[in-house]
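Attaching a single structure in structure tokens format; questions to follow.
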Amino acid sequence: MTDFTYTILIPLVPLAVFIFVGLTGHKMKPIVSGLIGTAGLAFAAVLAYITAFNYFWIGHTAGTGYTSIKAFEISWLHLTEHLTIKLGSLIDPISVMMLVVITTVSLMVHIYSIGYMKGERGYHRFFAFLSLFSFSMLGLVLATNIFQMYIFWELVGVSSFLLIGFYYEKPSAVAASKKAFIVTRFADLGFLIGILMLSFNTNTFDFQTLVSPTGPAITQAGGAAFMGLSVLSWSLIFIFMGGAGKSAMFPLHIWLPDAMEGPTPVSALIHAATMVVAGVYLVARLFPVYALGAPDALHVVAWVGGISSLFAAVIACTQTDIKRVLAYSTMSQIGYMMLALGVSGFGGHEGLGFMASNFHLFTHAMFKALLFLGAGAVIHAVHSNDMSGMGNLRKYLPVTHATFLIACITIAGIPPLSGFFSKDEILVAAFEGNKALFFIEYAVAGLTAFYMFRLYYSIFWGKETHYHHTPHEAPLVMTIPLMILAFGSIFAGFLPFHNLVTSDGLPFETPTEWSIAIPSVLIALLGIGVATFMYRKVTGVPDKIAGAFSHLYKWSYHKFYMDEVYLFVTKKVIFNLISRPVAWFDRHVVDGTMNGIAGITQFASVKIKGFQSGRVQQYAFVFVTGAIALVLIFVYLW
Amino acid sequence: MTGTIPLMYFLVISTLMFFIGIYGFLTRRNLITMLMSIELILNSVNINFVAFNKYLYPQHLSGHFFSLIVIAVAAAEAAVAIAIIINIYRNFKSIDVDKVDQMRY
Amino acid sequence: MSITDFLTMRHEVLLTILAILILIIDLNLKKEQKHYIIPIVLCLFMVHVIIGFLPAEGGVLFGGMYKTSALTMMMKNILNVGVMIILFQSNGWLRKPDNQEKMSEYFILLFSTLIGMYFMISSGDFLMFYLGLELATIPMAALAAYTHHQSRSAEAGIKLILSSALSSGILLFGLSLIYGTTGSIYFDKIGEVFTNSPLQILAFIFFFTGMAFKISLVPFHLWTADVYEGSPVNVTSYFSVISKGAASFIFVIILFTVFHSISYLWKDIVYLIAVSTMTVGNLFAMRQKNMKRFLAFSSIAQAGFILLGILGGNVLGMTSVIYFVLVYIFSNLGAFGVVAAISAATGKESMDDYDGLYATNPKLSLLMTLSMFSLAGIPPVAGFFGKFFLFTAAASGGYYWLVFIAVLNATVSLYYYLLVVKAMFINKNETPLAHFKSDFLTRVGLVSCMLGIFVLGFWSQIYEIINSLSIGITF
Amino acid sequence: MNSELMFFILAGMILIFSVMTVTTRRILRAAVYLLFVLISTAGLYFMLNYNFLAAVQLTVYAGGIVVLIIFSILLTSHISERAVVAGWKQNLLSALSVVAGAALTLITMFNYTFTASSEPASGSSVKDVGTALVSYGDNGFALPFEVISILLLAAMIGAIIVARREKLKIEEKEIRREN
Amino acid sequence: MNILSLFVLIPVLTIVGILFTKDYKQTRVVSAIGMGIQLVLAGLLIYLYLAERNAGNTAAMLFTYDTVWFPTLNIHYSVGVDGISVAMIGLTAIVVFAGIFASWMVTFLSREFFISLILLSSGVFGFFISLDLFTMFLFYEVAVIPMYLLIGIWGSGPKEYSAMKLTLMLMAGSALILVGLLGIYFNSAPGGGQLTWNIQQIARIQIPIQMQRFLFPFTFIGFGILGALFPFHTWSPDGHASAPTAVSMLHAGVLMKLGGYGAFRVAMYLMPEAAQEQAWIFIILTSISVVYGAFGAIWQKDLKYINAYSSVSHCGLVLFAVLMMNQTAMNGAVIQMISHGLMTALFFALIGMIYGRTHTRMINEMGGLMKVMPFLGVAWVIGGLASLGLPGLSGFVAEMTVFVGAFQHTDVFHRTVTILATSSIVVTAVYILRVVGALLFGPIKDDHFLQLDDAKWYERFSTITLIVSIAAIGLAPLWLSDMIGSSLVPMVEKITGMSIAGLF
């Protein structure tokens, strides 16, 4: 057993960078703060690689399962006699995998940003926030207990808020950041309630205790039904609500497209590769509890994932903002991962979905980060997000073009690029788990290929467009990360995930199911073909098709009016129907009562002034009558 | 000499006189008549004291002396009151009680 | 008369001598020397006050008509201190040319009423009580009408003398019935034989209304405001503080010693009266603009609080009433002192004239504020302790709801006390009253109020002394 | 029999003149009716054998107070002046209140059995009265006697001070004109 | 000299010192020195307290000092602290200190201002150290009344109305308290013997249950009014809106805590049986407070109103937690008091500073201030994040403790209200972000904002003091939580130990 105590340094280094750059950044040259941030992350990345190497290979005896190791833990807050919030680091396959993913992507994004953010106001602020995010995200994956996860979960949310709202003078950015925060906050409420329920029933926050097949969660908390589901199921559904919020699952996804208001590297890091998969990570982290304790909750996960992936894929086909297309694509891909978890069982080959989900998470991080960074390079070059204003950029941006194409092929699932392998495992798992979902995923695979190549052709092919000033390839500091990630996208599929990251820690065999893989590849090729046909050259076909399916097109284009629904709920219901009446009630009823008491007193004071008429005889009359009344009362009536 | 007259007779007289005095005090507009009503009240009280003393507790002269003192006090009171009434007359040119209501509410 | 008897009666005897001395001195002073009378009287009265504090045993004289104890002496001393302060504060006003010629009469009348109060407090029977009451009232009417060229003063005088005559008539009627039903006018005797037959209750109620008139309890209070407003300021302060304090003392004593057998009944009456007094007093006080009238209604409300202590009905009640009156003397005299000083310097008595006073006369404003806080019962000034102990006394009798009503009333009273504070500190005024400096003696009076307001609360010794003296009086 | 008749005559006079005192509209007549009431009361005292008290009643009340009142009437009103009467409302309310009060009091009194003391009566001659007046023991009244003198002195001074007409200064006249 | 008495003595000495100052510059320096000493003393107290506890002293109250004041009524001047009071004293010292610096530029009648302010703080300190109900009540009122002058003279807007309303409502609250305290006193020896005002002694006996039923509502509502219990909270928005900066800070930051502190130190601790019986009424009211305050804040446009309503919500959570009656929730209540005290003080300080520059508090008239005053902007964001419960800042610690504690009840009623209260974290986020967005972000609405400057040194000083405290608690809550928790044990035992059957 290797000592992994040093893993706490992985999040702490970015934290130190954040504090240092945050407090002193405005005094240093911008580039210095960028370099400090990058250096910090590089250090963390190296540590993460060492950890991974140590965990998977050095400290591991071949053939045995991977165990989870609590490398470090301190008490942070005592709550009840059983419940204590602790902070620490937990090392197991998925956390190590996540460490690698996060540090890698984050490092790439840092490097990329040095070039991308050049000349922006608040350069140091950007890097400070990036470091803060990295710290939070790393803390999240290392969490030893669910409450620590929640803590970092919130921190991640706030970093995301800060980064989306980075261009705080832009009202749309501010609105987007608010929306992102509030929607995820709402989801976190579910998460919190779930935690409270789970911890109350199991008396622990600790992951190791929770997921243990003999632990209290699985053995004890199954009973006590409410509306047909056990308490455990309910709490897990609530917890999943938090995950769904963070991972932009339907219907809590609406913040994600808007979040593209943030700087593109941020989208790459947070809203593609890392933070949005936190939900997947969360479910994966509690997977044994889901799988063994509450299969009902797992069904919810599966269906939400499936619906989200289809839903997002349909919308992605019609969007024109390149980042939004990518955002919906992200949502769709995460749907895949959720679905995979949802259809998975526990242990051995049953846990194929679990493995596939994590596998896809890994590959997705690579190619989606690549896509975003590539999109960033495009935006950097043309200063616009709107693909209808782009075209034929391949000759101006050769490196970007090449890497982008690689990413597109990967996401479409064409072998032998990494996307193919991971997606194939998911489809197999779905096929074994739930046929309906399996067919949905086939459709999604086709749609994915279609919209990705629609995007690709619209940007790099299509019409010859005139730009204000000639687009030029991004500087080396930006293209190098693209190339590294492209490399990763191509080869990540060959990693032996079934040996490393499995539901029960034991390796199992996953032969490629060609009966499933071949149709899926064909479907993908079909999608690519349609996209090529429609968008490679400027044709009238897309408009015709749009016209033919005008309703579907319109609904899809308007994202199925989800934003409007939310707007209705927030503006109309909460703001106008709750908050405004509450404010009115407070002013006029509650406060009115208080003022009314004062008013009545004043009124009474004026009303009774007649007694003090200034006439002695009236005084005397009151006197005598008072005396007689007292006699009457106390002699005869008492 | 008083053997055949019950105590209650005296009390009835004094009570009636007392309330007549009060009535006068409440209804007479002239300050001096109000003062006279006061004298009626005090007089009725005196009758009470004296009658009780004579009929019930003749061993001491408490009621008798009480009456005596009340008479003296009434005199003092009347003196001061009349002085003030004269002052009122100078200030208000009237001794109508309802005119004396500068201060109210 | 032996020396012990003298010591027993020293308050009354000395003050009588003092009054007569003043008369004699006044006759021998030339017209332009008249103003020497003020320092002379002050010195003599100071001596009187000091002698009053000499320790002495209580005793019974004149066959039980005159009773005194350490407790009643303490009461008299409390009144003495208050009168002393009033005399200091009267200085500025007395020296005005209008009053030059009748300064000594002012003192004589004041002292005779004080003698009346002494006798009232020390009375052992209803005759002496009645006599003291009248002695404390009739010259007061003359004092109220003291400023003749002001019609308001005369109006105050006539309202007082007529109302008080009526009330004492009713009180006397009650006393006559008490005499008729018990056969005695002595407190001890009556206390032994008093029962709860209807006629006796009726007699008691008649007596009660007379006392209620004196302490200005609702609905027997209506004279108060008019008389307070019309009288000269210093007389008003004398009314509201000394006169009311003395009446409260004897009221408590009589209720506790004479009518203890029907305490169940008078507690109900007092409950009812207390609630209405506090409420009505407050409701009227809220609207007042004339400071004297304002303080009149405030003093009515304060009287309602005193009743709370009476309801306690034991050592605690007695102590709290006396202590409250002591505190009240200082607080109210502080307020009246400021009103008097301003009135003497500028002739202004309306609350509106006080707007922005802090800018020009910060010290007066400060004293006024402290007095207001003390009257309202806000710590750390003494009024808080006074009120708190009253409430404690009432609560000891289980009257929690009454305490609640009382404290709510105290809150309402805080409203109007704060109005004064607001006028002085917050309200803007283009032409605030000009800065002025009061004469030395007035300032002594004001400063002593300030000291009293601060010291009395924290100095628990005083409360303990009163408490130890009160122990003898209970039933 | 004789004394009873006497009593009823006096009682009748007292009541009738009392009512007349408070109802007549001529103020001077009211004073005279009051005088009759006071004199009749003195008659009652005589009947009860309290001669000294009766004498005091006659001298102080009838001789002193009523005369004072009459003087003040002469000072402040014209003889022929008729008093203004109060409104019917005031009269009615006052009457109601007073009748209720009287009724209550009388009913209460009638329901009470007065028990006379069995102790022997003391004399009420002028000598007895004088002795009691200066004795300072039990049931002696020296103290009230002394105190009443202070009261009378104070009342005198008070009356003088209130009634004394001062030379009005010019400014005071102005004040009055403003009023 | 007992160290606790110094907490009352130093403000008094400071006031005396201020009396001798010549102008506002001297005044504020003297005030700052005085309150600085107070702050150091508070730090020392915390240190001494922890040291004493570590040394194994398990007495309920430490540093006690007791002297008879009014022997007849058994009134004592009795002081002592446990972990809770120590924490509250620390809070007070910090807020007062920050408040002095936030009012650095008060030049109008500055002597009077600082005297009133420090008098108020002495009342608060006195309240927290008191073990005797009488002195506690005395200090309580001392703390309340200077408010009138502070708002009335140095306030803004409808200040006279607000000042009067605030004072009267709080005094009405103290009316209720007074009845409660007197009732407690007269029932403090049900078996005969000496009556007492001493909290610790009363806690040893059981007040007769029928008296508890009568007295508990008085006491609890009385303190609840100061703790902004629905529907008696309406003094708070108006009062805070009109009050000058430092006063809002002190009032929301510290004074409202007197309510929460009193509610459980007096009402619940001494009358546990009635508390058990009647808790449900107040739980409903407080959960309304929590949600209602948050929703109320959404609609407001005036910064101070927003913060006032947010205080209603947060203070509602304090009382809510107290009523949950278990160790964890009550611990959370105390932490929430401290946390809210610091946060809200920070907010009010910032509002004052922003208002001093922009001369408006309407959020729709402002925008983009982050650009012109980054320091204040960042401070605001930090405060906002603390308020909406971001981990690493104090609000999170408090809220989580409360929620976990509240969740220990298994019945439907408690569950429902707990979830209701928990949902406030979302609503809080809504209004906090709304303000942040409207105020700091977006384009600059008014050109003259461009000329505005950032915080001055004293403003930074004030702000940083508070932020550091917030972060310190947020990052390392364990010592605080344990300090409070260990002191809570006897109280919770008393409150829950004799539970009445049939409660839910």
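Read from first to last, the chains carry the letters A, B, C, D and E; within each, the first residue is number 1.
Note that a contact is a pair of C-beta atoms (placed from the backbone, for glycine too) under 8 Å apart; a residue touches a chain by one contact, two chains touch by 3 or more.
Since this is a predicted model, take the numbers as computed values, not measurements.
Chains making contact with chain A as well as with chain B: C, D. Steps from chain B to chain D, minimised over paths through touching chains, total 1.
With centres computed from Cα atoms alone, the innermost chain of the structure is E. Counting C-beta pairs in contact, the chain pair with the largest number is B-D. When each chain is reduced to the average of its Cα atoms, A sits farthest from chain B. Taking the mean of C-alpha positions as each chain's centre, the chain lying farthest from the centre of chain E is D.
If you average the Cα atoms of chain A and of chain D, the two centres end up 100 Å apart. Here the spacing of chain A and chain E, counted between their Cα centres, is 37 Å. Each chain gets a centre from the mean of its Cα atoms; for chain C and chain D, those two points are 29 Å apart.
Centroid to centroid, with C-alpha atoms defining each point, chain D and chain E lie 68 Å apart.
Multi-chain contact residues of chain D (touching two or more other chains) are listed as 86, 90, 94, 97-98, 101, 104-105, 108-109, 114, 117, 139, 141, 144, 148, 151, 154-155, 158-160, 162, 176.
Residue positions 127, 131, 134, 138-139, 141-142, 145, 148-151, 154, 157-159, 162, 166, 170, 180, 183, 198, 202, 225-226, 287, 412 of chain C are each in touch with at least two other chains. Contacts with at least two other chains are made by residues 168 of chain E.
Every pair of chains meeting the touch criterion is listed here: A-B, A-C, A-D, A-E, B-C, B-D, C-D, C-E. Chain D meets chain A in the complex at residues 86, 90, 93-94, 97-98, 100-101, 104-105, 108.
Residue ranges of chain B in contact with chain A, taken from their complex: 22, 25-27, 29, 34, 97-98, 100-105.
Per the touch definition, chain E reaches chain A in the complex via residues 165, 168-169, 230-231, 233-235, 237-238, 292, 295-296, 298-300, 309, 326-328, 368, 370-371, 385, 388-392, 396-397, 400-401, 403-405, 407-408, 410, 418-419, 422-423, 425-426, 429-430, 433-434, 437, 440-443, 477-478, 481-482, 485. Those residues of chain C lying in contact with chain D across their complex are 16, 19, 61-66, 101-102, 105, 108-109, 112-113, 115-116, 119, 127-128, 131-132, 134-135, 138-139, 141-143, 145-146, 148-151, 154, 157, 180-181, 183, 197-199, 202.
Residue ranges of chain D in contact with chain C, taken from their complex: 104-105, 108-109, 111-112, 114, 117, 135-144, 147-148, 150-151, 153-155, 157-162, 164, 166, 168, 172, 175-176, 179.
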